[in-house]
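Could you have a look at this structure, given as structure tokens, before my questions?
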Amino acid sequence: MSKPAKKASGEEAYADFMSRAYTMELEAIERYAQFADALDTHNNPEVAGLFRKLSAIESLHAKRILAEMRWPSLPALPAAYAWESVEGPETAPFDAVHYLMQPYHALEIALRCEQQARKYYEDIAAGSAPKRVKAAAKEMAAEEASHVALIQDWMKKVPQPAPGWDEDPDPPRMNE
Amino acid sequence: MKANHSSVSVALAGSGGAGVMTAGNMLLEAAAAAGYYGLMTRTSGPQIRGGEAAAMVRVSTFATDAQDDRFQVLAAIDWQNVNRFATELPLGPESILIGDQAHGEPPEVFTKTGARYFPVPLKQLAGQVQGGWPNMIALGVLAGLMGLPAQALEAAINKAMKKGVEAGIAAAKLGLAQAANLDGFKLKEIPAKSSRWLITGNEAAGYGALRGGVRFVAAYPITPATELLEWLSPALTKVGGTLVQAEDELASINMALGASYGGVPALTATSGPGLSLMIEALGLGVTAEVPVVVVDVMRTGPSTGIATKSEQADLNIALYGLHGDAPHIVIAPNSLSDCVAATEWAVGLAESLQVPAIVLSDQYFGQARAVVDVPAFEKKSFHRAKANSNGQPYKRYALTDSGVSPMAIPGTPGITYTADGLEHNERGTPSSQSGDHLAQMEKRARKISQLDPGDAWASIEGEGDVALLTFGSCTGPAREAFARARAEGFDARLVSLRMLAPAQPAKLKQALAGVKRVLVLEQNHSGQFLRYLRSEYELPGEVKSLRRPGPLPFRPEEIYREIVRP
Amino acid sequence: MNAPITSPALTAKDFKSDYKPVWCPGCGDYSVLTAVTKALAMLELRPENVAVVSGIGCSSRIPAYTTCYGFHGVHGRSLPAGTGLKVARPDLTVLVASGDGDGYSIGGNHFLHACRRNVDLTYIVMDNHVYGMTKGQPSPTTEPDWSSKLAPGGTGVREFHPLVIALASGANFIARAFSGDPNGVAALIVEAVRHPGFSFVEVLSPCVTFRPEQRGWKESARPAPVAYTDDPARAARRLMTDDGFNIGVLYKGRRAPFAGLPAAPTHSLADLEGGFRL
Amino acid sequence: MNAPITSPALTAKDFKSDYKPVWCPGCGDYSVLTAVTKALAMLELRPENVAVVSGIGCSSRIPAYTTCYGFHGVHGRSLPAGTGLKVARPDLTVLVASGDGDGYSIGGNHFLHACRRNVDLTYIVMDNHVYGMTKGQPSPTTEPDWSSKLAPGGTGVREFHPLVIALASGANFIARAFSGDPNGVAALIVEAVRHPGFSFVEVLSPCVTFRPEQRGWKESARPAPVAYTDDPARAARRLMTDDGFNIGVLYKGRRAPFAGLPAAPTHSLADLEGGFRL
Amino acid sequence: MKANHSSVSVALAGSGGAGVMTAGNMLLEAAAAAGYYGLMTRTSGPQIRGGEAAAMVRVSTFATDAQDDRFQVLAAIDWQNVNRFATELPLGPESILIGDQAHGEPPEVFTKTGARYFPVPLKQLAGQVQGGWPNMIALGVLAGLMGLPAQALEAAINKAMKKGVEAGIAAAKLGLAQAANLDGFKLKEIPAKSSRWLITGNEAAGYGALRGGVRFVAAYPITPATELLEWLSPALTKVGGTLVQAEDELASINMALGASYGGVPALTATSGPGLSLMIEALGLGVTAEVPVVVVDVMRTGPSTGIATKSEQADLNIALYGLHGDAPHIVIAPNSLSDCVAATEWAVGLAESLQVPAIVLSDQYFGQARAVVDVPAFEKKSFHRAKANSNGQPYKRYALTDSGVSPMAIPGTPGITYTADGLEHNERGTPSSQSGDHLAQMEKRARKISQLDPGDAWASIEGEGDVALLTFGSCTGPAREAFARARAEGFDARLVSLRMLAPAQPAKLKQALAGVKRVLVLEQNHSGQFLRYLRSEYELPGEVKSLRRPGPLPFRPEEIYREIVRP
């Protein structure tokens, strides 16, 4: 639920909805990529790879929106969206990562994001938006739901972190 | 496995979280507990946390603060980016690599040295112990390869770990057992017992400062001087002094001057960039004759440079950085443990001569931790000459023969005065008269030039017509090179200067009498020490400069080769 | 200030360089970097027309992570370097980045005088109430009772109030942002860059390594309850009673920017020489 | 802080040295000197228990003109020197003297941090809105339109507001004095010295040589219309709208002074050595 | 009175308000108008205003910026505290004292030199002219004693006075008439006409900066550099540049670096205390390779020292003050008028080598005003190598043969980069690898050491087996000493270094070929120049140090004696 789409034709509202959806994906893609880079730099390639994968999955989604909307080029991003939460519902908070994190943690993050995204679309679908928007929202909610399931499955396959996983016996180091 | 090694160097590398530093420290403690000498240095990637790192531990039957030519063992918890440390971790065909197959093969840069690779399933072994860590397995392997006794290892783990001691010991023992299957580098007999410390150069300098009487410190954090301050802060509180964290280095040095003007011996510690900011106020210390000590823990320059690495390139600024003619003291410790005595001495000289003194330590000394013999301290102590009213008008800057004029300490009645950075007459009144300027310039120069440092000005070791001149942390590898040369019947003279300013030409002349070849060893690019020697001394015979900028330390072998070169 | 758009609009990505930050994963500064790149895209600038100037600290590493021109100077002197650059090259958009140690401790004097001088640049301070780069010493904004190795039991010294100081010194635009909301940070930077004169954006940017408790800032930060004012006295009252977690533009002044910029030449060197000629 | 009185009470004269000031006849600083010596007599202190610490400037010449212990340091660093002295020697009464250039331009950072640190000393700034010693350049408190050789036509830069900055930084006592009334200055210094923590006395002290128009300050200066407050927010509002000529104590805070003073030793050096011993 | 003097030195002393500087300036203008060369220096008491002062004017038939051995005339409006200047105003039996009986007798320190006293009723004579001033009478007397024509005097008064011109002229003429009764020191024939300037060293340096292309200056006032800034401020505005008054010297130098990074040649000017504060940022200029120029107008040090007096004691800090190995440029003008070319050159070198350059001027040059021949300027100009995108990834710190790497200027698309004071690789990315450090250290050293300054590195004058080495303002009196020696058939070599860093050992070796005796002349206490020469060069033959701290300048005679000494 974001800024209410201004009273406009269904077509405009739809375009606005889709560009929001697209922005949401972009934010998520970027955040995952940033996490991947950070963990690469900190010698945690396993989780870095996982974030890269998550980023790629979101990219697919974004590409689909682009294709669907037949936007000639990337739409100019509107000034920062006033999401209900501080960022897009599918964007992981910047401080969710740790250099010693394990794949399970990454999936936990992804799960939360997908759940939030699902809820975001469900709310729109259940709300008073124009029909076309509601239909699209429903579709997307279903897709996010499938992601949720996928990740839940995935989580069963990776080990649960033992307590103390973030313990580093060595102190941080000094730089300039 | 024959117990024929008098020194074994091992490195333990791995990513953040692997606990390589913790394990390295325990290895050092274990070596100490077993009665050996030891040294630990460290290196790490650019990340603040979670990056690659290596603990480098040398255990030996003799005291040394130098790194050896090569490492006998490089063990890695994982190999990620460990290749970046290749120049810091020289290996040879006699070396071995220890690693966990689960983390892949050792990087080529290590295997191509000819070092043999022995995989050890660190992770899997750690999994066998409830709460076990791979680093503890590696610790056990390394201890085993050197032949450290299990009790020593246990004692070290007991001392170091706050929790999980049992798991730690169990894991380390698994490692020890693994080592039994490997060709190791067993240490020779344990050296004779002596009183020892386990100490870093930064702690040593801090302790030296307190011994010298320092009771006020103001400072601003900077790598690699911060640990010196972090050691001093609680220590000062305990001995009735205090440390103020200043807003910047300009404030630090001026706070120290203010405290010292008040009669309390004062110090600040910093590194190159901070020293640059203190230059103006050091000049004030010279002119107003207010004692103060700056410990410069040198890092790789210029500018921000490489904050975590060592270099001896602040010699120029320490000697010549002040504007105007500003005679002052520059002292360099020439071993890690000498950081105590050198700093104590610098405080004493500053106090007794009422002048700023700079101590040139470096990142190598400052951040290395070593087992050292407790030094014998000189009984001689130095104090500030304090004035008391004798009914005469007080001349703060009286033109005495020694150049030192008794100083009135605030609170003393009848002899109040104003300390001044403006040129002044004997009373301290500002003067632009050439006569006053000359008289005060000569007074200030005199107190420094008349100083007789006795034997403390340098360490002079050995005989022969080849002399090696050096200072600071280059002395360690030089000493070892000399020991090797001597062991082969080739003696030479090692002159390691501790007093850099004022220069001691007469003493050096005597030290170099009869010398035909002079080697000048220093860790910087432009040859600052050589230039300094040339400007202050007549060097006899053929002079050769052995120099290289940081961060790589000199290794004994390369110095040895230069000494014995026909 | 905005460069003419000569080619298709750039996105935030175009302002992000290939260098991977050395920051700890989770560090608030990542999000400031994101915000800066977004803001520059929103401002429709081109990287070559923007300079990011900084001092030393974790936060001060930001310039190289952008594709803009960067200047990573010495500790505490980012504002003078940025001032010199902007005065000499008024055509550039200049962002000056700093940390609470760099900007408020060693660099405090330049902060005062940059606020007064009112050169048209944007000053972004990533405030984590600690010296991150040197391993966790108290900074001017550190709480007096925060215990550390250098100050066991805390410094006992009252915190520095950056926004109050900025106002007292004459800053022309004052905002507080929270890195937990990168879009919000971006929006504030956009506004700051657009506002003429010296614009100050204090960003609460947690240090997860030395101040893990700052993760709790998410709960404290909230939009300022009232809109900004342009009245310094009123702003002073508000800022002096503010708890440090009101987010948004808090003050916008109307002072004219620094007037000492270079103008077209009116004389030749020979004219000047004439002054000496006998 | 007051030394026990062991001999007959001293008079202002006992605090004035034989050195003849180099100041221009008519300079406001003469009257500050008189005020300082009067205040010290009123405080029943002895010269040897008082230290006067300064930087560089006409005003900073004051220490040697007293019979106290004096420290004439380098430009802009009087506060750090005074801080070090007072922290190391809490038994002394420390006055720190400065000028508007010394204290607010090059020394600005120390001002900020001394206010925060709240060490128990008294900071007296002789403000003449000009660099006297170097022959008339604009200082931070100079009016933006004051023309000089270095800034023909004026700097155009807004003045620095010392009292507002002091308050914003946490000074515990803030007063403004006018050298035209030396007894008034003396009374304020007495109050400042008595107040615990960092006390700031800004003295309007005309420069007759480079700012002859400041003779007109006599007409502008007047007692502040209301009594001082101990509420920082209220003080902020007052100070921000103040015209610079309200004389008197304007703020008295209740913060505890700097806590980091040395205490009695609890350990010997041998104890410390024990930490290294194997 | 024979017109046989090729040089006449006079001093006019008096208390504040007496107008001695104004009169001195008019005398200099009058000499210039008459076609002579001239030089005016000044001294004053510690009072900010209203104290004793003296204007010292030398008029000569040849160009010189040195003071003569003695003053022929010391005139005083009043004698209060003029005795404080005794060491600065050497007199001899041939000298004369002019004073007003109404103000008492000349101080003994002057009369005991054997100088004859001629009272002139300055005050009373001034009273004879409506609006007349004693200093104008004195001006007339002094002009008359030298034999300056009345028209020249009139022209000078016309030029200098805004009001009261007629009274001024009338009074000066009364003075001229008085002089007719006195034994004077009439100047020889007027030298051949040439293009001349009337300029101070500070103005000259400012003009040189603009010629070099400087268009941004940030600075903080400090004696004796302030006039340089005060000249530059309006001048910069005229040529499209700007001057920012910074809050301190830390800000000045960093502002200059910021502007220069932006592609605009930038400069700051200061004196010793300010230079001390700029040291850290100069290191940044070295590492980040950002050109910047600092003009250090040296004053008597150390610390605050004597702000209004000259000394050559900032050589150490200029050469060696930076922490780490930080190669940079140090240039010293060797005459007042050379302040133009030397500063222009420094800007050119800084720009073309992308490095900080320090210009060592001094209070003597900076505040003296002289009639000089317009120098011939080299056509060669130096520019910064600027980069443009070639589609390749841009390497800001590319390891070129010359060590200079083309620099991207903000605004240029496709080659953005971050300038860094951290050690870095070619791209500018921070690196702690020893290989990158060494490569960049060598690059930075290379660009400086490969520089060939041609003949500009020094002025070399004369022949013979005695050589005098000097720099800066000591060159003036040395030149005059040489002229005297030569006039007596004794030639020697004068080598006055203009490029102090990088050192030019090969060139100096050549310049000193065959030399048997070397005199090293410098105005400081510790022999900084001598030490520098010894560290960088092999000096041939017997070496003697001629040195003395400020503020008294060397006089030609004492140098002459050392040159011709058997």
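By letter and in written order, the chains are A, B, C, D and E; residue numbering begins at 1 in each of them.
The rule is short, and it goes like this: a contact is a pair of C-beta atoms (placed from the backbone, for glycine too) under 8 Å apart; a residue touches a chain by one contact, two chains touch by 3 or more.
Just so it is clear, the model here is predicted, and its values are computed rather than measured.
By the document's definition of touch, common neighbours of chain B and chain D comprise C, E.
Using the mean of the Cα atoms as each chain's centre, the chain most removed from chain D is A. For the pair chain D and chain E, the distance between mean C-alpha positions equals 38 Å.
Mean C-alpha positions place chain C and chain E at a centre distance of 42 Å. Chain B and chain E have Cα centroids separated by 43 Å. Centroids built from CA atoms put chain C at 29 Å from chain A. Residue positions of chain D touching 2 or more other chains, listed in rising order: 56, 74, 76, 105-106, 108-109, 112-113, 140, 155, 260.
Of all residues in chain E, those touching 2 or more other chains are 46, 237, 243, 247-248, 250, 273, 280, 283-284, 288, 303-304, 420-422, 430, listed in ascending order.
Among the residues of chain A, those in touch with two or more other chains are 41-42, 44, 99, 171-176. Under the contact rule stated at the top, the pairs of chains that touch are A-B, A-C, B-C, B-D, B-E, C-D, C-E, D-E. Across the interface of their complex, chain E is touched by residues 19, 46-49, 51-53, 63-64, 67-74, 76-77, 79-89, 91-92, 109-110, 112-113, 260-269, 271-273, 276-278 of chain C. Within the complex formed with chain C, the residues of chain A that make contact are 30, 34-35, 37-42, 44, 73-74, 76-77, 79-83, 86-87, 93-99, 101, 171-176. Touching chain C in their complex are the following residues of chain E: 32-33, 195-199, 203, 207, 210-211, 215-216, 218, 235-244, 246-248, 250-252, 254-264, 266, 280-281, 283-284, 288, 371, 374, 408, 410-414, 416-422, 428-430. Listed in rising order, the residues of chain C touching chain B in the complex are 22-25, 56, 58, 74-76, 105-106, 108, 131-135, 137-138, 140, 149-152, 155, 209.
Residues of chain C touching chain A in their complex: 8-9, 11-13, 20-28, 30-31, 34, 38, 41-42, 56, 58, 75, 133-136, 179-184, 186-187, 190, 206, 208-210, 215, 218.
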